[in-house]
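Both complexes shown next keep chain A, but they swap its partner, so chain B is in the first and chain C is in the second.
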Partner chain A sequence: MTAVQSAQRAQSVSRNRPRLLVGLEQAWVLTVRSVFATVRKTDRWAPGLIFPLAMAAVYSSQFARTTGLPGFPEVDSFLQFILPATILQGIAFSASNAGTDMAADIETGFFDRLVVSPVARQSIFVGRVGGSAAAAGFQAGAHMAIFFLLGAPIESGPAGALALILISVVLSVGISGFGLAVALRTGSSEATQAMFPLFFMLVFVSSAFFPTELMKGWYQTAAENNPFSLVVNPTRQLVISGWSWGDLSAAVGYSLLIAVVSLGLAYGAYVQRLKRS
Partner chain B sequence: MTAALDTERDRSRSRVSSLFPVVWMCHRNLTRFTRLPAILVPLIVMPVFFLVVFTSSFDGITRLDGYPTENLINWVVAFALLQGAMFSGVGTAGTVANDIENGFMDRLLVSPVRRGAIIVAPLTYTAIRALIPLTLVTVLAFAMNADVPGGILGIVLAYTGGIGGALVIGCFGLGVVLRTGDVRAMTIVQMTSFLVIFPSIGQVPIALLDGWMEQVARVNPATNLLRMTRQGYLGDVTWADTWPGLLVIACGIAVFGPWARAELIRRTR
Partner chain C sequence: MKPVEAEGLVRTFGDVTAVAGIDLQVDEGEIFGFLGPNGAGKSTTVRMLVTLLRPTAGNARVAGFDVVKDADSVRRLIGVALQDAAIDPLMTGNELLRLQAVLHGLGHRRAANRSAELLERVGLTGAANRRVGTYSGGMRRRLDLALALIHRPAVLFLDEPTTGLDPTSRVAVWEEVRALNDDGTTVFLTTQYLEEADELAGRIAIIDGGVIVREGDPTVLKGRVGDPTLRVEVADNATIELARRVLGAFGDERPARDGRVAIGLRGGAPRLTEVVRALDEQGVPVAHFELDSPSLDDVFADATGRRLEGAET
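Our next item is the complex of A and B:
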């Protein structure tokens, strides 16, 4: 069979199948590509896995005695309290990769080659977000397993662990969206990387590392209204109190809201770039 | 007589010829601030961020029995000062890594510039650069009601601790980038500076630390550096809190400085 015949056959197969199915298949292939690209490069996954664990190790020892302070939620240990913060930090690391990788694809010309190939436009976009979400899910699982071994269990059990993975995946999509928006608008990996300290700061100015009840003044107000606090608080309840559909829906709901806003920005930038391409 | 005069004149010229490249290279690096203002961002934003966030986020820890001060900023200011200064050391290593990657270092090495000057120049730049976060954090700390019972001497020692910490990290960073010749090795320098300063008495005194952290903080050199830097903000300045910090700076420079020079000579070969 000649190459022309193969192409014609592939085209006819493609024509005979629903476009949505083909688009989903292409998105899946691009997601797998993105996951493999992350796995192959240690510098892509190691910081997101190790740095939050190092921070948790330091803080759990530094602030161990604060769990007895009035206003501190009832927890087994500070390590258990800080689990959602560790997962959130990991997500911030892995999600920033989505934007950086997209910017690198633009810089190297791979994005342009994808655009001129017969790949559904949405699949290119979904592939990047999917890769980041998958990495965040794996990472959250690894963090929970390590915390469990160190004596910080999830009170809501295996269902709670699955819920935390779900929250991580949705929140990762939300954070990736902001990175993708910058990457698609600027086409610069340097500019996209500059987004990371912003997330790092936002994580700190939230209830992730310390209860807002023990903060005061304008900082307490800022931390209480930080979108990350709105996700972290119900997530933490799943970790320290037990199963609650209300907490799960609150955490997933706020994560979805972040995702809708960020993906809206990213998709707008994507459409603009496609027009320019 | 004439020969003796000539020798003296040569020595004097040699001193000048060593000093000139240092001044010139420092000036070259300092002009980067005006050409690339973006490099000022981590120098300014990060220490301010650490000061505000650590003071406000963990304000509740002052309610613990045995916490040495009711005003958390008096404790945290030294941590922010050292972190800001260490960023200067890390940034200097990055500047040298860029010089290696863009070939400027090779041109320096084939020019008649003393090897020592190539090491001293970025370190001088580190000390000058460290003054930016040190001054910024000090002014902000006063604005946030920090006390300095140790007076001027306390502030001088805080600056000494900050510049000393920046020089030690600068020497280490130079060694790493001269060894690897890769700007990506900056991550090693950055992570090392984080890993050294966090498991110490940055936020909590040793008496309130638990488990492994207490043991690590006791032997961590950053603990002594923090004690020296912090003492003026907590009470009177004492020699007992000063000399261990000075020793850490001296030992750090004595170990990593010659290592950086050795890596430079290895690169020349």
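Our next item is the complex of A and C:
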């Protein structure tokens, strides 16, 4: 038997493992790699954790008295009001890592290393998105814990906290998808990073930091129709009003809708990149 | 069945033809050297053979499978170390090997055993739990080699495995490649280093401008070039044309770098005394004088009329 024939036989043994199991295992190890990439570099996790908290400190000092304005929802404090905004900002930071890391993999040739292996093609994609989602979940948990210690509780209790983590994970997948689409289309970290200020602008032109009822003109129209507002409003209800299946469904549903659109774009770009090779 | 077979392989990028219809056959258990200057089409050919790039025309089979129609089977049977050791600097050597093992469908226990075995083999056991970002260039290359071997491939593709390495690390990689080949692994090695091809390859193909210009046993190819190369460096540049005329009487001129004249010395070493006497009689001051048996560089020069970049001329 030749060396090639014996290698073929050996490979057919490993091929006998269920494909789904192997694919899930591959997606898992690639997710773990993404998480390691975030945890092991301070500049990956620190901005998403710290900047939103700093913004929350500034805003809650500046706008503390606005909670008494007519039309402002009933809240314990402005800090409680902007918890969803803080989580959303954190997600925008952490989700940007998925795109830039994918672009870096393409630039350094690590993407080729993955593609030249018999890995399930979906696993490469899922691994990147999964890493970003896991980071967003941890980050949201940390933000909620810090807000709780600062006297801004979640009225819907532990179930609400879990719901917020779920929403964060799904929304993170949605935002990551746009970064991945640009990364896979261009293969450039610079191009991918360049699109993320857009998300921060979208966060500000939404109901994240202020109720749309107290806005006026084009800004109010833009904020009311901003996809982020559609997620933030029901999320905020879970924070300030208590448990509601309806609010949970709305927040997760709109996040899922964003994810479907962005992942569709990203997967299209991914297939194109694989075809190009 | 040959481990690597290609017929009429073509790859174009827009108007540029990188590979212009090459045929290749690599035999079981050999180290096949694929030699050429930068931009000759070496890496493009390898990327087609390892399924990273679709050929524009022609076909290729690796380990018995078509690289386009049955790319997944090809990927299961090949090991690949591409030109730049693309290794995640944030991961440890051990983590990367286990990741690679899972990507090849090995279960956790097999992955752990195989990783430990390969780390030992490439001398990285002590650095296994260090992040790759702290590795030297040589260590990264050795790890890259280990990653390519995780699933015991039938054919190993090494794309310029020693580029950028210091001489000691280069020799360490060569030893590892030889040892792998001794174990029965067929190796497809691209390189721009003549010495590397000479040291390792049992058979070579030289590619230039996307076309294979020579193929065969290095010894046979060098023998075909014929006469040894005599290189003369003149002490005074003003006499270089005179030196060229004098030397022209002893053999055909070959490409040489500035300030030198090279010829294929008809009759070989026994005629050296005559050459020295002739140069002296014509008053050509000689700064340096050397006679080399035909090298792969001479084979390349014979085929293309140029010297390989960086090669000694």
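Definition applied: the second predicted complex is superposed on the first by the 263 of 277 C-alpha atoms of A that agree within 3 Å, B and C clash if a C-alpha of one lies under 4 Å from a C-alpha of the other, contacts with A are read in each partner's own complex, and residues count from 1 in each chain.
Here is the rule we use: a contact is a pair of C-beta atoms (placed from the backbone, for glycine too) under 8 Å apart; a residue touches a chain by one contact, two chains touch by 3 or more.
Keep in mind that what you see is a predicted model, and the values were worked out from it rather than measured.
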Partner chain in contact with A:P118 - chain B first, chain C second, else both or neither: second
First, second, both or neither for A:R17, with chain B first and chain C second: second
Partner chain in contact with A:F204 - chain B first, chain C second, else both or neither: first
Partner chain(s) touched by A:V261 [first = chain B, second = chain C, both, neither]: neither
Partner chain in contact with A:G109 - chain B first, chain C second, else both or neither: second
Residues of chain A contacting chain B in one complex and chain C in the other: none
Touch list for chain C against partner chain A, complex: 1, 3, 28-29, 47, 50-54, 63-64, 72, 75-78, 80, 82-84, 86-88, 90-91, 95, 98-100, 102-107, 131, 147, 151-155, 184-186
Chain B partner contacts - residues on chain A that touch it in the complex: 43, 51, 54-55, 57-58, 61-66, 69, 71-72, 197, 201, 204-205, 209-211, 214-217, 219-220, 223
Residues of chain A defined as touching chain C within the complex: 2-4, 6-8, 10-11, 14-15, 17, 22, 25-26, 29-30, 33, 36-37, 40-41, 108-110, 112-119, 277
Residues on chain B engaged by chain A in the complex (per definition of touch): 42, 45-46, 49, 52-53, 56-61, 63-64, 184, 187, 191, 194-195, 198-199, 203-204, 208-214
